[in-house]
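The structures considered in this document are given below.
Paired with chain B in one complex and with chain C in the other, chain A is shared by the two complexes that follow.
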Partner chain A sequence: MAMHDSGKRPWTFWFFAAFFVLFVIFLYGPMFVVYLLSFQGEGGGLTFPMNGVSTHWFGELVNPESRSGDIASSFQRSLGLGAMVAAITVFLSVAAGLGFRRRFLGSGVLFYIAIASLIMPGLFVGLGVNVFFSVLGWEPDWTTSGLGSQLTWTLPFGLLIMFAVLGRFNRSYEEAATDLGATPWQRLREVTLPILLPGIIGVALFGFTLSYDEFPRTVLTSGTENTLPITIWAMTTNVTSPALYALGTVTTLVSFAVVGTALGSIALISRRRRGGDST
Partner chain B sequence: MNAPTNGNGRIEVMNVTKKFRDTTAVANLSLNIDHGSYCCLLGPSGCGKTTILRMIAGHESPSSGDVRIGGQSVVGLDPVQRGTAMMFQSYALFPHRSVIENVGFALKMRGASKDERNGKARELLQKVHMEKFANRLPAELSGGQQQRVALARALITNPRVLLLDEPLSALDEYLRLRMRGELRRVQKELGITFIHVTHTQLEAIAVADVVVVMTQGRIEQAATARDIYTAPRSAYVARFIGGQNVLTGVVEGVAGGLATVRNAEGARAQFPVDKANPAKGASLFAAIRRDRIHLTRNSTYRNGDELNAAVGIVHAIENQGTYVKVTLDLTTEEEFVAYMPDGEYFRDPIDIGDRVVARWDAQNLHLLEDASGGQQFAAADKDVALM
Partner chain C sequence: MALLLIFFFFIPVLVVIAVSFFDYQDGSIVEAFIWDNYRDVFTSAVTITEYANSLKFAAIVWALTLLIGFNVAYFLVFHVRGVLLQIGLFLVCTVPFWTSNIIRMISWLPVLGKNGLINSALIKLGIINTPLEFLLYSDFAVVVGYVHLFTLFMVVPIFNSMARIDRSLLEAARDAGAGRFRIVYEIVLPLSKTGIALGTIFVVTQVMGDFFVVKVMSGGQSTSVVSALYNQVAALQYPPAAASAVCLLAVVTLMVAGILRVVDVRKQLAS
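Take a look at the complex of A and B:
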């Protein structure tokens, strides 16, 4: 809301500006309260007033003797699962996206089947996977059934992003590579993938963040070891200390770091290509 | 650029047809292009010229027929085995690679060492005066600079044939004129075959040894640039190349190699028919250069008063600097234009709305091959109704 040009705004400007401010408060206010309360003093409780300021509850998170359960391991599991989901989503979405550029028998049907899993209720996907595993006599685990359930959610997204990315991809780059003697593999490695890289990072980012806070598909499929969202859910029912808030602050920071790194690298790549510097 | 080239770049396109699903892009087309010549494929968009180019390049394969380079069939071979290189319409420089990496790309694919490919790339960049920009990215270059880099990149493999897909269309007018001269110079220096696709008539006439005018997947005329301009084969070519008025009418009689022809408006002209003896009542077509027309103000002349003349009303006047373009309305549907030398025009300027007689010398008419009709040239958008 810059106000350098002197005064003469119509009243509607101020009306909508106020509306926008309310909206921002509505969006970020609740989380801000959580961040603030995570610095609650040692003797403080789950609600205001602040009883001093400390980082005590952050320490509590990594204290294995605390009541809050094994947060550190859940956190590690969620990071690992997110990374696996991101990697598989990238691999399959890029491959499928490149493949779908050519019409083939049944490509339309295949596409809709792939996209349809977006509208399946997540909890039932998880339930189905769980039942399927028990029918086969397999033990559900976050690395198998959990991973699979999450992929039903991230793959359609990844595929849709790749469609958008490839829609803007000029095929004459590939033809030029072929013309200059590149084999199909060289063309993929030296030309196609590097040019698509910003979009691929986007797919990875989506895969990771969707997995990192996935709950409905994971809660019934993660087996005996929990991912972070499930641990947090459990904590809300039995942990009554501001450690919960501290956890909220830390996971938000992690999300921001991941998103920031991804967007930063995309921006860097496209600025280099648009000619930001001359190296 | 005296690098050795890889053999004979004679192109033979033999009875080639290319179909995309149910549309025919190229219909049973044959074309020979001599080694070391500069050939322009010219035509409106969708005429099949780019498809021909891509089939020679190996980015498209013919539905039937054969493509030979240097006497060898190349159908099914990849571009490297063909000894061709292509310059793409928007250059397709790899955005993530520097200029020198772009130019050296083909050598990298062949496993050349970094020193080797950078050395060769630098040599080529020097030849297109781009060595100062070796470390830039394509996005940091102007259109003309990108074109030079694309040229260097295509030439690094010493191709025997260079294929250029609308190489100048991304440039502004000034650069277009400069770069087309540059392309011609490079082609002369290398002595290899250039095939250049364009939809701009003057560009083709300016650079090419051989101009191939195409329409609807077939060749309308393939001839030297000069012949295309001064001796178009058909009304389509004459109209498409421009600079000519197309006249048509019905034969009244033939004498001494001249057919007297009368048009729908009653104007009469003599068409040189050589030894041919067209029947009375047959329709003939002829072209005459616009700078071979003389205009005189006249308020009483009526069509048919003289041979080789027609009367009309001045419709538009454009000063082109060295000449003045005067468009007449002869009440026929085809445009009729006279180019008057500026000196002659300004001695006694005629004005829009003036009634003028256009006269010409029968020797300057050039008979076109079109038989009765002209309707078979579906790509020509106007009916032929002029004298």
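Take a look at the complex of A and C:
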């Protein structure tokens, strides 16, 4: 903060501040429009003006006779899948992150496969898994092929986050634990993992949200039962009512809740830690 | 992890490459070894337009996201006082990343549409009489969509690089009489190079691999490489889809390799 710490703000500050505000409006503006429009009155359409205010379209979502398909069960599938992906991503990323601190046979290759997997166009992965499953004679299903193709996307993310987290990790804590007679298992469970906990929560957050909203990898691999993003995708082509916006509002609220919980718990942990340091 | 990646990533890629040489008939795959699929890809005028389209989008979106991303990151790193505020504003930029891309795309429809916010506002103000047609279902809308979704991928790595720049360098430059723009151009820009490269890789690969933004925002008028691929898969023409996917993969790999040649990204990832 040394650069402009004292005195008046230069004119460039106001320029950049205005730029930043515009960017944030650009980022959030349309989303708020959708939240507003999802409370559109019963006779209202897809655009402004609002024709009264109602929660009619939210009711439409759970109404089994509406045209929008079986939203509740695809919602459940997405939540379940997100939880599975998050759990597997956390477990494997932490293990791999710890493992990568030492060079091992094939570590370079694995690193590059992970990076390649990260930047690979999603539909390509989906197509590959889809064809591979049909070669093996397996039915694609969201719990197998869907799960797998999502992991090719979340695992590299998790791995990179673990690299960043472990880069700041002080190994002398582990050495101290060993010197005090901890077994490797005790050391992992009582020293390493608690210290890394905020990072691990971050990995879980990425795992869940990336899976929860994932579309291109899942669309060809989810089999006959759709996840929520695919249902939404189908809705964009055949549902022309604000129910679509209502669904958008609901899933965004879920995302926000997950993000809020994760960030909140990270903040709580680091505050408690800082408090512990000062006493 | 290695096994999972190999099973769900590495082998499927190989399978796609293999299938790209197969023949197909009435929606089923026939084992063969033919180059026809590739010949079709390279000789069809449609494919050329698709690639030109995708590359055009990638170039425009890259330039815009770089411009916006650099400025936003610069503001956050060098102008915002106080770490808490900095983290807070950074989170403001990143939270949309954790929400659904599809919903974020759909939310542009009531803004840009014919009776949408922008058009009604302009008409009410008397600036235009008839709604602007180019706002939605056009290349313009596609670019807006991409920039909206992917600027974040620029902001985060550039922010990361900039945050590591030693402030005393900037002060030294100022003491030596360098102006504001010279400092940015000669110190901040070169030192943010790895961040820019990482962001570029993300943005370019995302744009090249996208199909639903093109579909939603152009209303089916524009095609990209992947949206054509998706249509082929929907028509059960797996071998030509696979051939086109392999070509796309080759193009993307070349682009990434080119970027990596210019900037050593691993240095930043590893540290």
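The criterion applied here is as follows: the second predicted complex is superposed on the first by the 254 of 279 C-alpha atoms of A that agree within 3 Å, B and C clash if a C-alpha of one lies under 4 Å from a C-alpha of the other, contacts with A are read in each partner's own complex, and residues count from 1 in each chain.
In this section, contacts are C-beta pairs under 8 Å (C-beta built on N, C-alpha and C of every residue); 3 or more make two chains touch, one makes a residue touch a chain.
This structure is a prediction, so every number in the text was calculated from the model and none was measured.
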**OP:** Using the superposition on chain A, decide if chain B and chain C clash or fit.
**Re:** fit
**OP:** Look at A:160 in the shared chain and tell me whether it touches chain B only, chain C only, both, or neither; answer first, second, both or neither.
**Re:** second
**OP:** Based on the superposed arrangement, let me know which partner A:273 touches: chain B (first), chain C (second), both, or neither?
**Re:** first
Original post:
With the two structures laid over each other on chain A, which partner does A:114 touch: chain B (first), chain C (second), both, or neither?
Top reply: second
Original post:
Now for A:205: first (chain B), second (chain C), both, or neither, which partner does it touch?
Top reply: second
Original post:
For chain A, which side has the bigger count of touched residues, chain B or chain C?
Top reply: C
Original post:
With the two structures laid over each other on chain A, which partner does A:180 touch: chain B (first), chain C (second), both, or neither?
Top reply: first
Original post:
Across all Cα pairs of chain B and chain C, what is the smallest distance in the superposition, given in whole Å?
Top reply: 19
Subject >> chain B residues touching chain A - in the complex, by the definition given at the top >> reply: 57-59, 78-80, 84-86, 88-90, 92, 94-96, 105-106, 108-110, 135-137, 139-140, 153-154, 157
Subject >> chain C residues touching chain A - in the complex, by the definition given at the top >> reply: 1-2, 4-13, 15-16, 19, 68, 71-72, 74-76, 78-79, 81-82, 89, 91-93, 95-96, 98-104, 106-111, 113, 115-117, 120, 148, 151, 167-168, 170-171, 180, 201-202, 205, 208-212, 216, 226, 229-230, 233, 238, 241-242, 245, 248-249, 252, 256, 269-271
**OP:** Note which residues of chain A are touching chain C in the complex, please.
**Re:** 1-5, 9-10, 12-13, 16-17, 19-20, 23-24, 26-31, 33-34, 37, 46-48, 92-93, 95-96, 106, 110, 113-114, 116-117, 119-125, 127-132, 135, 145, 148-149, 151-152, 155, 159-160, 163, 167, 205, 209, 212-213, 215-216, 219-220, 229, 232-233, 236, 244-245, 248, 251-252, 255-256, 258-259, 263
Original post:
Okay, in this complex, where on chain A does chain B touch?
Top reply: 170, 172-173, 175-183, 186, 190-191, 194-195, 197, 269, 272-275, 278-279
